[in-house]
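Below, chain A partners chain B and then partners chain C, in two separate complexes.
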Partner chain A sequence: MRQSLAIRLLDNDWAGPGLISLMAIAVISILQPAFLSPFNILVLLSAIAVNMVVALGQLVIIGVGQMNLALGALGGLVAICFVGAIEVLGVPAPLAIVLGLLIGIVAGMANGVIIARTGISAFIITLASLQIFKGINLGITKAQPFYGVPDSVKQFGNTAVFGSIPWLILPAVLGAFCLWYLFRHLRIGRYILALGGNRQAAELSGIDTTGTVIWAHALSGLFAAAAGMMLVARLQIGQPTIGDDWLISSFAAPVIGGASLSGGHVSVAGTFFGVVIIAIITQALVLFSIDPFVVQIVLGGLILWAVGINRFREWRLSKLAIQGA
Partner chain B sequence: MASILEIRHVSKSFPGVKALDDVSISLAAGSVHALLGENGAGKSTLIKIITGVQAPDAGEVLFDGASMRFSKPREAGACGIGVVHQERNLVMRFSVAENIMLDRLGAHSLSRVDHTAIADEAVRWLKMLDLDIDPGTPVSRLSVAQMQLVEIGKALSLRSRVLLLDEPTASLTPNESAALFAIIRKLKADGVAILFVSHKLEEVFGICDTVTVLRDGRNVCDSVPLAGLNRQDVVKMMIGRAEQLARRAPRSKPAASPLLELRGYSSDAGHRDVNLTVRPGEIVGLYGLVGAGRSELAKSVLGLSRQTGGEVLLNGQAVHITSVASALHHHGIGYVSEDRKGEGLILLHSVLDNAGITIWQRLASRFGLLHDATVAREVGPVIAKLEVKTPSLQQTIGNLSGGNQQKVSVAKWIAAGVKLLIIDEPSVGIDIKTKAYLHDLIHELAGRGTAILLITSDMPEMVDVADRILVMDRFRIKGEVENDRVYERVSQAIMTFIHDRKAA
Partner chain C sequence: MTTAASDSATTPEPGAAEVPRPSVTLQVLLSNEFGLAALIAVAVVIFATSLPGFTSPFSLFTLSRQIGIDTMIGLAMMAVIVTGGLDLSVGAIGACAAMFFGFGLEQLGLPLPVAIVFALLLGAGLGAINGITVVRSGVHSFIITLASMSIFFGVMIYLTQAKGFNGLPPGVAAFGRMKLVGPVSVLLVTTLAVCAGLLVLYRFTALGRQMLSAGANARAAELSGIEVGRTLIFCHALTGALAALAGLMLTARTGAAVPSMAGHLGQDWLLPAFLAPVLGGTLLTGGRVSVIGTLLGATFVTVITSGLLLMRVSEFWVQAFLGLMLLAAVLIDKARHTLLRRRGMI
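And then the complex of A and B:
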């Protein structure tokens, strides 16, 4: 079947957001050459790196057809546990990182176990665990930051590995590649997408749905933990408020990147461009001293636009199925 | 011949209905076994028990002579029982190969999926089915018939010794069906035991060796050779004469001008050139097999899918109904859904809320205020008149029996005072007494001038209730049968229209 170029591009998850990213970069750098200064690029890439890991944490759960509202609360909890372990307990930084990742995995698994075993919607369960994680966070910190971030960690969060490429890019690239590989080539990744794509078919085919849901939430917890600690490195402080503002962008980036909120279809590359678009919009605010409300409106509009495009593609897919083309 | 799978004296009850009562069946290697029965006879429940989706209350399942108790579909699959369900169970965005091998993508969670090996394995089964498609194709790109074959391939790839096919030809063209039968014969020659569920008797007589007929959850016959039987025998067994309903005299023909008229109607859902009239006080039956497009027509008229051609006239006026709300509030059309639990009722809400939902808009005050007492004044008498057995109007409707739930589904439209009531499969999952009551009720409503469009696959019900019967097949009206309530003549006439595919 012959299709127009526009349609073929639309079929590609990352093409649309990629094009928009490039256009936005071009327009902004013409209007404001400072946008492409080495320092600004470093700042931009650092923000993209952290937000990418946050978005990946949500992407796994979107893939299985659920939502994780506790992503930010868990990231924040891990962040303060990480600094707290170093400052209060004197744990060496590498060990504290491992500890942080473990907390993320275990807390994520707890979410997954409760959701899979009770059959209660992930929305409710993670809404509850959001409160619990946040409560533990405030109980530990009394809402005061931990300041004992080691220099090595501070450096990791604020220096460049090469030119304008921050060290923070490293975990983001690694995480993105691993998740892409998982969705594409590993059994668990295919099961997550099969479950999100058609729960009944997955179940009747003998897929262990409980185990798959637990896996997805454990992975989500892992990414939340990594993002929390990356933010500690970048902010150079163990803020109890880390993660409070992740919710909207964690959904926005995957959706702009073509993910279907009903599950079964995600794009890591698309999510990357989603993150880039959000970062550029936020940066433009600073560069052109635009009112913050405009950014929010633009971001909201962008989400609507992305959902509309996704809807159109799903509609087309179902039409194709009926025609049996 | 040795039987591979034997079901002995199995019973299964659901709240308010006994789905299976002492049912037995035995499947032999290298033979095709037909499982027949009307809607609600218990076929699906039997299949669910064989495949481990549901556990029987009593009785046993023997596989190769050993007693089995499957608690998950996976366990039945591991034993070599493959099943192709009536509804499609494929992951649309996945490739053909991945769908066939879905439960065998790797040894453990972090195994790398060997796409080449999976494609090779899938091709083996695709070849066996003479299906020439690239195993890498996403399933969403396939035709319905191809999807069906992929599911059969998936079942076969488990090295199934028993293959259950639930209405496999429901969505196939005659050519595709013929190809499927060739494959079934090949599998039979290879020693597979096949259970074939179908409404189409000519197919059953074409390929099946033995037959089991269920009626009202019981065996009418258990694994008897088909050779000694003819069509009439089988139809008689399926329909039965036991719970013969009181035969009504044909009603006088209402002379009023049509309330609803469709002229050359076609819709987005797939209807073509549908002509239909319903007069006030008339009960028009719409008969057809599952998937013929009857419920879709009802929903389409209500505005749930787009009209693409023809005319809809209400009281002689051309109208264009675009939403269910306007169908009810402006045109007085109500619809009792066949899916009572999914579409008809809000199970967690009270009887009052379920019965009153249609009149909230009318009863609400100018500021949108609505009092339970106001609704109860209107709804109460209807609930009482229909003899709904409920402790109070506040009772959660999910706790009532199927029959009483169905009465409430009808009550809400009576309360709304609709002029046209479309009733879709009124007696699915309800007891015989309530069924008879509902039939009386439909007649009473018609007697008071309501136009009724009755959709049912239950032939005795159709013959008992309708004044005249339109036969639908593949989203078209195939013909009309005047109902003189002589069962043999009417059912024969209906079947002739449905089987008249080649001529059409």
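And then the complex of A and C:
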């Protein structure tokens, strides 16, 4: 059983986006040497770290064949609760982080419980919870930011471990590894993908579908919370608007990374390169002083392009598989 | 309803055929529309007696104006929910059409009617682009319209450089202030006319029935000779046109075309767009619409919102409350369906 190189490359979710990332880095650094300056790399990696955690939060839900519109709203809510707890209640920072993560998990679980128990589409439930989280966020802050971010948190978001590697990479790598391990080696990960791939088959094979959906949403909430607090560290301020612009990019990165939106098929490595591509393009627009408004157009175009590529790959794979058989 | 619930407990999973069909009166009483109308009546009575400003002519005027706009946004989404799909880009399309309207009036010097027609055509065109992409690619409308909302809004904000059009002819703002029949805003009257048009479309025209059957069961519709792809594109184009109309109505209300009228990427329209049809009993899986239900849904939301605002509840908490309401609406609807199915009534 020798698989042809074509099949193996096509079968690899991250090969294409990885190649494009490398090419983009090469082209941009030739045109604009400042792109590879240590400071710029630090900025780029910080952005990639935060966006990676955001994308992982959506990736779990895409894996189970659903969508989470409330990801950004939850991230924003946790962000302001985190700073609010420190500033107003005087909670020490480590405890506030735990509190923030707990809020994320519980709120995510609430989404999951309602979706799994009622069978109502995740779209409409998370649209409602988006509004609820955002409303609570604005109700607490009255749309004004919290400024009382402790210095330790600020430093975490803006300094390097060594060279151009920011501390923010740490939670991103940890999160990515855990999710990869979960999908690859843990039962809950296999359940999530089985459920996303074929609900009926998953039910028939005795998988606890309710529990799986709840777990997936709890994980998504955890990632949203982590990303929200990472952004607080990076921005050095508890902005109520944190998370407002996560919707498009949280879907774009996994889709570029080859995730199937009908569920059951995700790639953590592919998502990473999806995040890298988005970050590079966004930065390149700034470096070449192109209108920042173009970012939106490019992001939308990237999603369509990735969806098209994924369809093409499915088609080629099925054709090659037939030929190979 | 309580007796119905206790009855159902004694009936072990009845076959639907054995249970006699409920009478027409009972069907009306159990309908979403009746429930909503009753809720609206209760809310209006409570607010009118407890809040002194609620029934002032000015309050009634702004209420009717808001109902008109929110219903139009809801109808826009309803027209595509028919297909079992959705359109995240309604807000972006509305903003695009409104900005194009402003550009046509201010920069091109188009006469008002021509500018309106062009703006509506632009909306329909953008909707059709969504529809064609969805049909051709076979990808779910969620991801296609997620991308197109970013593209439409991005192109619009790039072309306008995020600057609004403030020098519209006075006729536009005058239309937004105009009253017909007492304190009723002309915007609500416009919406009612569109509702009537949509009722005719879905009830009495071949195209409307094709939309419904394509949404209910695409394969069956295909087999019975309906061009499903073309019908779906029509649905998306109708959504675009209605979103454009909503954008124009909003422009008339503010008297200026501003890019942020529907929030970042037009996301602010998503909640009203889904709230009204879902409250009104439009099925998210497609195949069933309720134009009157959408009107009543938007009315209910607007009455509650303005009541809460008059009670000096902060608008931020009202926002959270609307989310809770959407949640409650779908949960109640689910419970109602389960109950009715158990009783063999649907």
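In this section, the second predicted complex is superposed on the first by the 306 of 325 C-alpha atoms of A that agree within 3 Å, B and C clash if a C-alpha of one lies under 4 Å from a C-alpha of the other, contacts with A are read in each partner's own complex, and residues count from 1 in each chain.
Everything that follows uses one rule, which is that contacts are C-beta pairs under 8 Å (C-beta built on N, C-alpha and C of every residue); 3 or more make two chains touch, one makes a residue touch a chain.
Keep in mind that this is a model prediction, so the values were computed, not measured.
**Q** Once both complexes are superposed via chain A, do chain B and chain C end up clashing or fitting?
**A** clash
**Q** Just checking: does A:247 make contact with chain B only, chain C only, both, or neither of them? Give me first, second, both or neither.
**A** second
**Q** Using the touch definition from the top, say if A:286 reaches chain B (first), chain C (second), both or neither.
**A** After superposing on A, A:286 lies clear of both chain B and chain C.
**Q** Between chain B (first) and chain C (second), which does A:186 come into contact with in this model arrangement: first, second, both, or neither?
**A** A:186: touches chain B, not chain C.
**Q** As a test of reading the superposition: which chain, chain B or chain C, is in touch with more residues of chain A?
**A** C
**Q** Now for A:95: first (chain B), second (chain C), both, or neither, which partner does it touch?
**A** neither
**Q** What is the contact status of A:23 with respect to chain B (first) and chain C (second): first, second, both, or neither?
**A** In the superposition, A:23 touches no partner, neither chain B nor chain C.
**Q** Looking at chain C, which part out of 74-82, 200-208, 236-244 or 272-280 clashes with chain B after superposition?
**A** That would be 200-208, the one stretch with clashes.
**Q** Chain B touches which residues of chain A in the complex?
**A** 185-188, 190-191, 193-194, 197-198, 200-207, 211, 215, 264-265, 317, 320-321, 324-325
**Q** Within their complex, state which residues of chain A touch chain C.
**A** Of all residues in chain A, those touching chain C are 67, 114, 118-121, 123-125, 127-136, 138-139, 142-143, 244-245, 247-248, 251, 255, 261-262, 291, 293-301, 303-304, 307-308, 311.
**Q** Applying the document's contact rule, which stretches of chain C touch chain A when the two form their complex?
**A** Residue list for chain C touching chain A: 86, 133, 137-140, 142-144, 146-155, 157-158, 161-162, 264-265, 267, 270-271, 274, 278, 284, 314, 316-324, 326-327, 330-331, 334.
**Q** Show which residues of chain B lie in contact with chain A when the two form their complex.
**A** Interface residues on the chain B side: 53, 72-74, 77-78, 83, 85, 89-94, 98-99, 102-103, 105-106, 108-113, 115, 140-146, 154.
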